[in-house]
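To keep things simple, chains are lettered A, B, C, D, E and F as they appear, and every chain counts its residues starting from 1.
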Amino acid sequence: MTRTPPLPRIVIEPMVRRALAEDFGTAGDLTANLLIPETASAKLYFKSRGTGVVSGLQAAVLTFALVDPSVVFEVHCPDGARVRKGTVIASVEGPVRSLLMAERTALNFMGRMSGIATMTAKFVAKVAAHNVRIAATRKTTPGLRALEKRAVLHGGGHTHRGSLSDAIMVKDNHIALAGGVDKAVKAVMKGADHMAKVSIEVDTVAQFKKVLKHRPDVILLDNMSLDDLRTCVTLNKGKTTLEASGGVNIRTVAAIAATGVDVISVGALTHSAPNFDIGLDA
Amino acid sequence: MTRTPPLPRIVIEPMVRRALAEDFGTAGDLTANLLIPETASAKLYFKSRGTGVVSGLQAAVLTFALVDPSVVFEVHCPDGARVRKGTVIASVEGPVRSLLMAERTALNFMGRMSGIATMTAKFVAKVAAHNVRIAATRKTTPGLRALEKRAVLHGGGHTHRGSLSDAIMVKDNHIALAGGVDKAVKAVMKGADHMAKVSIEVDTVAQFKKVLKHRPDVILLDNMSLDDLRTCVTLNKGKTTLEASGGVNIRTVAAIAATGVDVISVGALTHSAPNFDIGLDA
Amino acid sequence: MTRTPPLPRIVIEPMVRRALAEDFGTAGDLTANLLIPETASAKLYFKSRGTGVVSGLQAAVLTFALVDPSVVFEVHCPDGARVRKGTVIASVEGPVRSLLMAERTALNFMGRMSGIATMTAKFVAKVAAHNVRIAATRKTTPGLRALEKRAVLHGGGHTHRGSLSDAIMVKDNHIALAGGVDKAVKAVMKGADHMAKVSIEVDTVAQFKKVLKHRPDVILLDNMSLDDLRTCVTLNKGKTTLEASGGVNIRTVAAIAATGVDVISVGALTHSAPNFDIGLDA
Amino acid sequence: MTRTPPLPRIVIEPMVRRALAEDFGTAGDLTANLLIPETASAKLYFKSRGTGVVSGLQAAVLTFALVDPSVVFEVHCPDGARVRKGTVIASVEGPVRSLLMAERTALNFMGRMSGIATMTAKFVAKVAAHNVRIAATRKTTPGLRALEKRAVLHGGGHTHRGSLSDAIMVKDNHIALAGGVDKAVKAVMKGADHMAKVSIEVDTVAQFKKVLKHRPDVILLDNMSLDDLRTCVTLNKGKTTLEASGGVNIRTVAAIAATGVDVISVGALTHSAPNFDIGLDA
Amino acid sequence: MTRTPPLPRIVIEPMVRRALAEDFGTAGDLTANLLIPETASAKLYFKSRGTGVVSGLQAAVLTFALVDPSVVFEVHCPDGARVRKGTVIASVEGPVRSLLMAERTALNFMGRMSGIATMTAKFVAKVAAHNVRIAATRKTTPGLRALEKRAVLHGGGHTHRGSLSDAIMVKDNHIALAGGVDKAVKAVMKGADHMAKVSIEVDTVAQFKKVLKHRPDVILLDNMSLDDLRTCVTLNKGKTTLEASGGVNIRTVAAIAATGVDVISVGALTHSAPNFDIGLDA
Amino acid sequence: MTRTPPLPRIVIEPMVRRALAEDFGTAGDLTANLLIPETASAKLYFKSRGTGVVSGLQAAVLTFALVDPSVVFEVHCPDGARVRKGTVIASVEGPVRSLLMAERTALNFMGRMSGIATMTAKFVAKVAAHNVRIAATRKTTPGLRALEKRAVLHGGGHTHRGSLSDAIMVKDNHIALAGGVDKAVKAVMKGADHMAKVSIEVDTVAQFKKVLKHRPDVILLDNMSLDDLRTCVTLNKGKTTLEASGGVNIRTVAAIAATGVDVISVGALTHSAPNFDIGLDA
């Protein structure tokens, strides 16, 4: 997988600024103020403490830049790189005070984003034999969606809707309120912006058949059995994109992929990935 | 444990506003716009899909209030309450469009914060037999520290420094740069604000003895063996607060508690708690 | 055309707040401060001074609400309504000072948005005989895209990409840099998120034929002659959505629509619509 | 007319930041991400596609700088310069991805501001034979007043009140509520800050005579006939500044200027100027 | 002097929000959280502890409203009222936790603003026998100008330029750089917006004579002796507004007023007024 | 006293940005625009006009940097330095327009912060013979707490709680609501975060004795007579930190220090320090 280009700085700068503001309070780093001579300078290394995929480096670079532009941040393993225990991911060199003030915030970004990239890579590895994508959902940490979706890309996954205003997804409650699946799908196909894709969620094969006739861009097969998934794939004959979702986990994902669906979306990638452990060592 | 009072709204409002802005883009909810009649109204229920502790309700309440002040949010199980699979945590009633627009953001807050509260409660339960506190660290999600620290309280844990400017923590790199432990501790005891506590991190019993003479408010025993922890507790004789940290997990925490330390701090509470599953059902 | 639901308040509130801040400076309304008794109250009427379509009311309502929550804003003709010279669109009643302070900002929103809705309605009327959509582009006023896209909907038009991250549009410069049209289209079809539509821009019938083979969601026919447009429509046979753009104006739009394209996009709707004149009278 | 100095960056930076945020959403430029090699670099030229006056360059420069500080922006025709079809206004050189991401936002600023400057220059040209100023009003686009007022200067016009707190303008509704013109003017002359100018609006020659006795700094002659304007000029004998306003357009402005008023204010400059067409070409 | 109307809430809300954010950190009020029962409610009274003029109440009202909308704030002595030791200025009633959280911030606003109003009133009293105004300068606390200028009005003083973009003040360094006083004044009179007043600073009677010929709106007599001030007043014969400034203090202001100048501007009003002591008592 | 390191830029940048925005309005510096040639450049000197301690330089440096990065700011006497009348504190060199635009804002920061540092140094000098600290309170200017607390450090003083969430202070009203001093102190000692200090306020020697038994970190002796202070010091025998507060002024502070308390907190340092006069001269 080729590397994903960095996000525009303007998108992540507010995230970094508020993380630093939150950590500095009204006095900055009380400890460093008292102990670290203004002239002390050092070089520290971000080292991986496990096996995984790096992400969040862009936020880490910006964290140090906003704390002290004189700090030199050198990237050894860019976002998307696979690392093992002990791999040096990057180094920072500059005034010790600045390094200490930025350390925690930078690690908080890197740990979370690398955690997401690493979990994604595990899911992707499980389905490597199949022509299927692993995709993230909108179940992201409030305020960090851009970085988290990017972390999924770094892990080899794909994104999904970026927001409620990017594409159309019709779920069961929409259908109920719109007066049935036919009416709902027709209304959506007619009213949708010509640049917005339409996805319809179905729970049963019967619903799937009804919806397929309307040829939406995507049909979302929610919480279906493997048998039902296979039936839908067979019926579909490549007419629309099929996405499976619901209760997907690392043990079930390969079987789901084997049904022949095109996309498997996994909320856990962004809402339940454990931190990836990275240290900042001398 | 009595319930923790809500945070001032002014502290969490910016978090909720940016989460909603992120999810609404420039067009709002394309799907609801096309399908949901302006007059349709409904009552939906937040239901727990597992056993755990509720947190994040305050952010959820604010999410709906900011989307549509006419929505009525009724809390059945407040932040800090223990719930089981199927427990109704809260209900929202109002225009369906507003409910759908706010749903994902509210669940993202509740899922993450309840996940933290639930993991905290598990650690707390493991050490119930001991007079010890489980505390969170500064390893929080960038931009959400206030809510995450509060979630730890809801789970029965305690907080720690809120920021670098709240208290003084001297770690090994500070000591090295300050010219040794004696010089470092002296400098800190002399310079520290009289309202700021001082904590000194030690790795060995030898260091502990050196530091104890200075009587800092807290000594942080980092990555020590159980034997060493016990030795420090014995030497301490209640003179200062002893905090254990480093690689604490749900399997090791009880044994650490049994050594007699006063506080055990756990980064995983805020950086690796999996989402707590909550649904919004009709 | 049914009315478009209002945008979430959270999307437009920052626009209104900065407009008011810009107009109030550090002293508020010097004139009202000196002349209007605190107790004076009045009812004023927004009256149309021409024939057109109303838009921007939502921002106007919020303008008065932010200046003074005690002002009562009554909407007679909602966003999307057609009005004639003299039609009363809405009324505001409350303290005169508040009415005067909010007046200009509210009218600035209403005049611009109603201007866009009105121009859109004129384009829509010109193509009423054809099964074609009039769509806006990203050529919107910096900072006001959400409101301006909404104004296009109020005028009976459609939107388009909301932002660079909503959908994929491949233009000639992308193709050149990607090493030719085949390589570019393949790369995009392979890499695109499954929820993001793909549009490819072509300038000639020859390019169109090449691109059509890849079946992107949309082909954008840029600055083509009517003859070429007709040829593309014939070749397309309904396989993809065809969008015409480039130098469309009120005199040429009907002929373009008659070629059978599906969408005509018009930058002028948002970048060159003259103000729609509305007065606030006693 | 000498060139107007640029606005302080701090005034326009928020405008540019929110325009970019609006256009980047949570993923940045999906298309460039997929197609443009990170190493591709290019030089592109802003070319005028008509005859007019340049404005908005400062915002365009900042747009590119915020997207990518490595982009070199070279100005050939500064803000205020007159250009013809084909004139190269400026060039940008740097990474293609950055150029494409910033392009639309920069052009949106330049097109609108150059449109305003160009319309202003047309009004100014019409009154060149007279000793009169063309001035803008507060009828500006919400959130962009500073740039739009500057565009009027670039076109050879003048500004007016920057905000409600800059100067005092008494209109008919103020007079009515203050208990008549004499009371109103007296109250204002007495209470006004010594650094704030006072302008009184009149509709008739009779009112003009009453107001002139109080010698306000400016008398605004609203919607008067050419005859009445001439009468006021004659009566005034240079005692105060006379400003004509109301329904001024490009066909009537010369005759109004010929009456001898000092200032003609024109809302259309900022609320109805069509976009000035500029392209970004290889 | 009649009371000044309140500032638009939108102008002061950001000031109050950041003051509260600064005081709440990431945990809110640790003390109240631990000690005050959620149900405890109380009524507290703002009492003056000295003789002076009230100001800042509007910010105090908003402080409590933002902390807890259920708090009832009752104003007994509005902004601008004169109070003595023991006077009850206002009361607040509601949940004790909310009262304690808002107390310090509200008092910080009231103490500073009442301090400014009180000092202003003392200067105004000293010049009561003369037809002269006491005016504030731009020497205000960064970020609080709107409130501080308003406090000067509450004390019976007047404001001045609100900002660099409100009016024109030509000082000696401008004159030097512009090539002498004649050139400078001409340039300004020609270029100034017709709604912006022009003030020219002079240090000597000789300069005064030169400048008077140009009839600027205001001549600022900087650091002149009483004799020179009198000479300028005599020469002026009411032609322009004369403002004295420079080293004015409570002991010299009456003598300066007696020279016959129209305005005396005093930086100390906003940069050196001591806090006015107000308590919040049960 | 060694110099305090600068605050992180991210903490003070918002303060400087809003101060400049407030002073620039929508047009920037009208006067400089008209009079100062774009090419004029100069070097100006910040000169002390009295005897005192410098503070606020960091904000001044940032003010010029944000207005024009090409301005060279040279610091001669850093924050914390003692200066006399005529001492050159710093110089700025660059475009005259930029210098004039930034001047007032920079001086407003420097004047206020140096005023605070200077007043603090006077208090510190008065108590030099005693082993006591002078500390600031939370009575700071809304929005400027970080800079003002830093100014106190520059003057040789100490800070205190940075915010309500930094440490615990129990006052009389807390005690009353919590059901007496014993209950209150117990609740606090039990519930307090292990990194948060606890201070208890007492008014009488009797209360002091009750509280001392609980050994809080600090006991605040509020408004006590010198005799009572001495009694408390004697009883305390160094067990806890004793802080005296209430009505401390420059005439009483030495006697209070002589009682043997550890800390004297003085609200006036931040709420009533007069401006320190600094000029910007050629």
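Rule of thumb we're sticking to: contacts are C-beta pairs under 8 Å (C-beta built on N, C-alpha and C of every residue); 3 or more make two chains touch, one makes a residue touch a chain.
All of these numbers come straight from a predicted model, not from anything done at the bench.
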Any chain that touches chain F and chain D: A, B, C, E
Each chain counted as touching chain A and chain E at once: B, C, D, F
Centroid spacing, where centroids are CA-atom means, of chain E and chain F in whole angstrom: 22
Distance from chain C to chain A - Cα centre to Cα centre, in angstrom: 32
Chain C and chain E, separation of their C-alpha mean positions in angstrom: 44
Multi-partner residues of chain C (at least 2 other chains): 22, 24-29, 32, 101, 145-146, 159, 162-163, 165-167, 193, 196
Chain-level touch network, classified as line, ring, star, complete or other: complete
Of all residues in chain E, those that touch chain B in their complex: 17, 20-21, 24-29, 32-33, 38, 66-67, 97, 101
For the chain E and chain A complex, residues of the former touching the latter: 22, 25-26
Complex contact set, residues of chain C against chain D: 14-16, 18-19, 22-32, 34-37, 40, 42, 59, 96, 100-101, 104-105, 107-109, 111-112, 115, 138-146, 162-170, 173-174, 177-178, 184, 187-188, 191-193, 196, 267-268, 271-272, 274-275, 282
For the chain B and chain E complex, residues of the former touching the latter: 4-5, 7-11, 145-146, 149-150, 159, 162-163, 166
Touching residues (chain side chain F, partner chain B) in the complex: 133, 135, 158-162, 165-167, 193-197, 199, 217-218, 241, 243, 262-263
